[in-house]
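To start, I am sharing the structure in question, which I have written as structure tokens.
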């Protein structure tokens, strides 16, 4: 029977690549993002033309009921075996002054509360089925606060420990939560590209090496995401880090955010 | 000139004891709590009768503007040299099902957002004065998620990393933030006592040893809180843990929450 | 061209299973262990009969020059692409009194110094080739000390940070070190089986579930070991944990050692 | 009755300052270091002239029996209430190639094995008396490995987890072990001064601020060391960090070693 991989936050970077990988492995990929319906449709069309099963969904994650309806819609296609929670909350470095209360709250709604809302509706289904995987993309900011990261770090730290509470309570019932700490810049035009601007993004790619693998490549990351979702339950990982070979781990330098 | 120690969350446990310690050392203690105006007044009266300087303030921390007004009121008495952020968000162990969205959000508002709000108004004053201390009482739940602690751990983890972002950005300007990880049960009738009920609380105290020091004693903890606030700026601590000698550290056992 | 996977500590558990996995994927598996030449030969024979490339090597890891010669011997067969450092130093729980100086030192020689010795001779070769993977099996004891684990924890903690120093210095030159924190009991008759005795080991297996997957199954773990060795260099993991679904993470309980 | 504070590693920095602080509080300070008998004698003389109780002891810590005899000698003066284990093992940044096996082993003997040896003879005495404090100066390198720190990090990580094993096993019997993570440069001519050379050391002091408090000041650190040794047993700290206000925490930058 078909099973769904629901990707919450499916842009041209990690989310899209993970969706494609799961679809290529026989899953239905339910891809959702906030905006750019044309880009979303194109991604879904591409996958369908390649013989893969995919659907596109627009989502305003902070809207009441929206995440819950998304889970319902994806379940209606095929049971959700794996969900990738891939919503970010990075807003660049800002002092306390430059971080309004609303911004701080929004970061938490996207990065932490949204995952809790998805878990509230999805975990009971997974427990009933005795199986399910929740992959959570995370960031260095989940591990330690850094200057200017007030909103991002507080939200991501909450997200990380929410993963831990869920494993502590539901792993033995078959629900596998993995906190995937992405500890470096991802080669993603949608997110990093937009944050930096086209020119600076290209300069960074050049600086990171002629083979363009000094940034995290989403399609390579997707291999590890898929591996984690298919680990046998006798040997599950709860936490893993990912970075490019040419990068230092967060515990070795400052500028990673 | 007089200086204020503002205690946000001043019950009969840590908050009250820290307030008394600072008052005994010459500070004005501005004590606030959510309810029990009689208890609050009695605490203030006791301190005044002992020749100490104290004031009482009621506070609904999640109300818009309330924390900000509190800071203003305390500043009006004397500049806030030290603030103790001592609001808890422990609600006992609850499954995902038993944790409504509102509860999860409330936990975050108390444990994480409130500290951010205080920092927004207080840190600029401290930066201007080139000095200030923010003591933050924290819990084991800030370090790792545990079964049933979905709301508490996510909120406390955010609180911890918010302490780190603030130190990273404002320590060099003289603002000292300390994350005090209370890793065990506190001998506090107001909080633990209420959570357990009088009988079970008394049984726990008995079980923990005849000298009643198997639980964390608030007046002894206050010694360390005060020491941290008076560390010379050439040798500041950012993180410290506290537990009773007879207790295991969180990394050594399960039941601590 | 053939490449070698050198397994240092190749018993019937993790080491043997990882060796088989790599051999099945086309590597030459150079398997070494301290004793039981018959068991080692039988393992090599089995693999050869299955058409795989394997060799057996006896090793006294604490002997001067022995690890260095082993690396040389394995290199002579085919360049070492991947080494699995799988020597343990678990001696059960012992008080300070029951841990002689020699025992403490031996634990360090096995768990920490041995890895350093291997790295001293192997890393330069890997740097020259611009590629190489060092997989290091580790234990909960690398993350935190626990009662009775004086020798084990001190040695394993050193091992973990040695992995970190090597990544910090050599990752950008193509050497990938992974610290694989095995956070639970492994279904391995050679190690856990011997430590517990046959009867208690069988009882544990029963207790852990009818499907025998409540213990970490070495052949399933080997899938993740292999995945880590084949991660694209744009997305490397440095630290990962492994445990059975039915087990709690170390940060959630006490008895894990 | 008199009680001894034994300082293992009593140079002109942390060790000497802690010794003086304890002596000023009424302890006998037993000060030992490896060499410079004249400097040691002068330090003891100064203290005696100030009416304090002190003795000087030369020690080659890696020599068989030497640490054990030192403990015996100090006990003979007055029971050891507090020991400060303050031996360092920093040798600057060195690649694997530049770190001979003997150097790696020596680092471990100084930083990790020495503490174990002291604990073997001292903990039983403290358990018998139902009280004792073991203060352990530690370094950023205990928290994470960094380039060039192969020997230092592996040794210090072992030291840290040895502190944790001891607390797990002996805290409930009254033995308080504190891991004091010194996360920055100390204003100590003996150690940092020698490592950098007089000129570069002075330049660093200048760079760190006109008030000379941009480096950790040993006599200020000693206040916290003493506070930790006098915490009431109902509220003990096991781990604490120390750094100058103008410095970043290790999790926020790279160059700290």
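We call the chains A, B, C and D, going by the order they appear; numbering starts again at 1 in every chain.
The definition used in the following text is that a contact is a pair of C-beta atoms (placed from the backbone, for glycine too) under 8 Å apart; a residue touches a chain by one contact, two chains touch by 3 or more.
Keep in mind that this is a model prediction, so the values were computed, not measured.
Here the chain-to-chain distance from subunit A to subunit D, counted in touching steps, is 1. Averaging C-alpha coordinates per chain and comparing to subunit A, the farthest chain turns out to be D. Averaging C-alpha coordinates per chain places the centre of subunit B 44 Å away from that of subunit C.
Subunit C and subunit D have centres, each the mean of its CA atoms, that are 34 Å apart. In subunit B, the residues that touch at least two other chains are 144, 146-147, 164, 167-168, 248-249, 251-252.
If touching chains are joined by edges, the resulting network of the protein chains shown connects every chain directly with every other. On the subunit D side of its complex with subunit B, the touching residues are 164, 167-168, 171-172, 174, 176, 187, 213-217, 220-221, 223-224, 227, 231-249, 251-252.
Residues of subunit D touching subunit C in their complex: 95-97, 99, 101, 104-105, 108, 112-113, 116-117, 119-120, 123-124, 141-142, 144-150, 153-170. Residues 143-144, 146-147, 248-254 of subunit D are the ones touching subunit A in the complex.
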